[in-house]
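Next up: some structures, all given as structure tokens.
Presented sequentially are two complexes of chain A, the first with chain B as partner and the second with chain C.
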Partner chain A sequence: MHISEGVLSPSILVAGAAVTTAGVVMGLKRLEQKDVPSTGILSAAFFVASLVHVPIGPASVHLVLNGLLGLILGWRAFPAILIGLALQALLFQFGGITTLGVNTMNMALPAVVCSMVFGWAVRPRTPPMLRVVAAFACGSGAVLLSGLLVACSLYWSGEAFLPAAKLIVVAHLPVMAIEGVLTSACTVFLIRVKPELLEGGYVHSASS
Partner chain B sequence: MFTVLRHDRCVGPYVRAAVVFFAAVLCVGLSSQPALAHKVTIFAWVEGDTIYTQSKFSGGRRAKNATVVVYDKDGWQLLEGKTDQKGMFSFKVPKKTDLRVVLKASMGHQAEWHIPVEDLVSESEDTAPGTVSEPVHPQADTSVDARARVEVAHERAGAFLSPQDMERVINRVLDKKLEPIQRMLAESMDHGPTVSDVVGGLGYIIGLMGVAMIVTSRRPKDRIRD
Partner chain C sequence: MIEEGFSQGNSLLHRLDARVKILWVVLFSVVTAVCDQWPVLTAALALALAVALALALAVAFMARVAPRELVRRLMPVNLFVIFLWLVLPFTVTGDPSFTLGPLVATRQGILYATQISVKSNAIVIALIALITSTSILTLGHAMHALRVPRKIVYLFFFTYRYIFVIYREYIRLKEAMKIRGFCPGTNLHTYKTYAYLVGMILVRSSERAERVHQAMLCRGFRGRLYSLSDFSMRTADMVWMGAMSACVVVLGLWNG
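Right after this comes the complex of A and B.
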């Protein structure tokens, strides 16, 4: 998921940075004081999740958790993911500083899209069965979309689309399954413990 | 996290779950390191006239079947190859110049290693063994003195090694002796993230949360209503 320095062409780097800037502005506008702790904790979760590798499948990949971030944070996933990725680039040398914009776009945009598509179903009032299914779809769908976006970025930089996309999606199949289950489990847990958190992102993005 | 503690009643299990999650992630992430596919590294070293490269993902898994491209210092592609099952790829020195060895693993992963031209000197200044390479000028050649000097040099070559030969032999022996060290270096070139990296990153995030709290508290409409 983390695209290294020197792989992408300058135009896609600039485009990614522009989308990311817009997303971060949207996210910060919606960041109220009471949202700060959850945003920070999920940013930290995203930061460490990349250390959990999934050694199943053709290539070894890692958790992304962007579906979960999108579900809880909505647009605020953009700043949270940007910070997580910046720290990963600085401390772990995953990805790179020049590719920060593109990488953030690739992971945060699917988070927002999935929260818009599936967020309405993961509310404290919706039936539990629907909630679990929607959370699963949100978790795995965000990873799938991220993989496709990575393939698109590589395609615009001159790599063939289909082989790259196929490789990335196949490599991330186990991650998609795990993240779906993880997101479902998290929502089940949060509904019991702190249901306000799940009202959060979507309500804000709808109201403001 | 701390503000959550202050503002909410039913917060115990929430915080506990977060702590457990991070602890679990730290254990899983740092103890077992089968592979970590966000970063590739390539390490190249010269042995005689061959350049060996070793490619791996951080965490130690070898990058199999990845493409290795070699460029000269002007950016011209000299050769291209694929790594084997152990992530190794070796090739003869194609040209005496600064080399840039670029590893292109799948999914947008890329890494490179520079080999300065000085590293290539060892064997590639191949002069034929036993010859004295100092150029003999035609005019100087006629002088008896110069010819005598050359003869003496040739005679000496029978008994001793010429400096060039000596250098070649030493180079070869050194290459052999240093090989395990080179390999060890290649092995230890890259570690995955360490505990201090992770803890440092988490510290940064907590600090940023503090900054965000201060900034948002300046906006009156965002104040938490009791």
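Right after this comes the complex of A and C.
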């Protein structure tokens, strides 16, 4: 969920921008100049994946997939999500310039954290059952953390946001389940079709 | 999916240097966003926000944005604002204004929600004025000229360039699924199918990335992109930048 412009307090905006800057620096360090095109194209793929709507009961939710993004890109999830959100702000006016830092942090930090915690278990050579469970935990954990971070950013901006923050966390619960299942099934697919993607810190190696 | 319908035009705003526009929108957004440093609403702040909104509206009209397009682009931000309107009036403590069953709406809550609505819309309208008068590629080159790290700018270019290609691929996969009788519902089969769809998009994208990279190497790519257009500051850009920054600074000082 994107937080709109003009809602958060300045201190939260600054904190979000600081965390995002640090994360992007970490991500860029792990991104060689020659891998920029492939990372950009994968970011575009995730951008498109986030436009996919899946039905849940009578409604539908769009995918986030930051857990999967973390599994594939690692720290480079930060620059990838930054660019994705900047383009969403420019093209659809979701989010905006001042909230770019906070919104990137809210999505990319869970991606990196979950890939660090669960990533080792989602590798081509780990036992299939472990892989499925870890991928589920990674996908749903990343969405849960994102929801909590969004809720905290709102709550720390003003006590009055508390009920809104709680609503947001509750709204993330069904999404968590779906994201977990999807991340899990998607890793099963990727390991069958293109296991290199899940080797950890994927960069295609056409030249190296 | 994505239109840049208004980015080719000839208004004053279209002709401005893209760097000037970016700097100004960032300045405007930051100052306006900081305007709620004090939770207490004062008349002065409301006035400052009203001026900001008027300013943003004037800018939007200078770019000759069709009103309907403007409303359409304001939808996403206002969905979030509506969500806040459903909650905030009842959760901010203060003088009761009206009751809705067991819920009591406070005057402070309503004022707070109003303040956020005005502020969000002011910032987004300014952003719309920027984006509708400049193409995304020009923005990328302008970011480069403004010393944004090169890797970020190139990532921006590549992501933007391939969103459209991959989106078309996604639509093709979706149509293929439909033709084979896929009917989405709330069940495991649906979620698995979507997961494979996403997986397929990722596999194809990474294979495309390999081909693109090899093609770029063939053409002598050494990690740099070159821009054919140059930015130059003209008198009009200077005047505009000066006048608009002055307005924003006045807003900030008035607020502070």
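One rule holds in what follows: the second predicted complex is superposed on the first by the 172 of 208 C-alpha atoms of A that agree within 3 Å, B and C clash if a C-alpha of one lies under 4 Å from a C-alpha of the other, contacts with A are read in each partner's own complex, and residues count from 1 in each chain.
Here is the rule we use: a contact is a pair of C-beta atoms (placed from the backbone, for glycine too) under 8 Å apart; a residue touches a chain by one contact, two chains touch by 3 or more.
In this text, all values refer to a predicted model and were calculated from it rather than measured experimentally.
Applying the stated contact rule after C-alpha superposition, one finds that A:Ala17 touches neither chain B nor chain C.
Considering which of chain B and chain C touches more of chain A, the answer is C.
Within the superposed three-chain model, A:Val61 lies in touch with chain B and out of touch with chain C [touch as defined at top]. By the document's definition of touching, neither partner reaches A:Met116: not chain B, not chain C. Within the superposed three-chain model, A:Ser153 lies in touch with chain B and out of touch with chain C [touch as defined at top]. Of the two partner chains, chain C is the only one touched by A:Val181; chain B is not. By the touch criterion defined above, A:Phe47 reaches both chain B and chain C. In the superposition on chain A, chain A positions 2-8, 31, 33-34, 36-41, 43-45, 47-49, 51-52, 55, 83-84, 87, 91-94, 164, 167, 189, 193-194 are in contact with chain B in one complex as well as with chain C in the other. Chain A contributes residues 1-8, 31-34, 36-41, 43-45, 47-53, 55, 59-62, 83-84, 87-88, 91-95, 150, 153-154, 164, 167-168, 171, 189, 193-194 to its touches with chain B in the complex.
By the touch rule above, chain A contacts chain C in their complex via residues 2-10, 13, 24, 28, 31, 33-34, 36-45, 47-49, 51-52, 54-57, 63, 65, 68, 72, 79-80, 82-84, 86-87, 89-94, 96-99, 158, 160-164, 167, 178, 181-186, 188-190, 193-194, 196-197, 202, 204, 206-207. Here chain B touches chain A in the complex through residues 1-4, 7-8, 10-11, 13-14, 17-18, 21-22, 25-26, 28-30, 33-40, 57-59, 61, 106-112, 192-193, 197-198, 200-202, 204-206, 208-209, 212-213, 216-217, 219, 222-224, going by the rule given at the top.
Residues 1-2, 25-26, 29-30, 32-34, 36-37, 39, 73-74, 76-77, 80-81, 83-84, 87-88, 90-93, 109, 112, 116, 118-124, 127-128, 131, 136, 139, 149, 151-152, 154-163, 165-167, 169-170, 184-186, 188, 190-192, 194-203, 205-210, 212-214, 216-217, 223 of chain C are the ones touching chain A in the complex.
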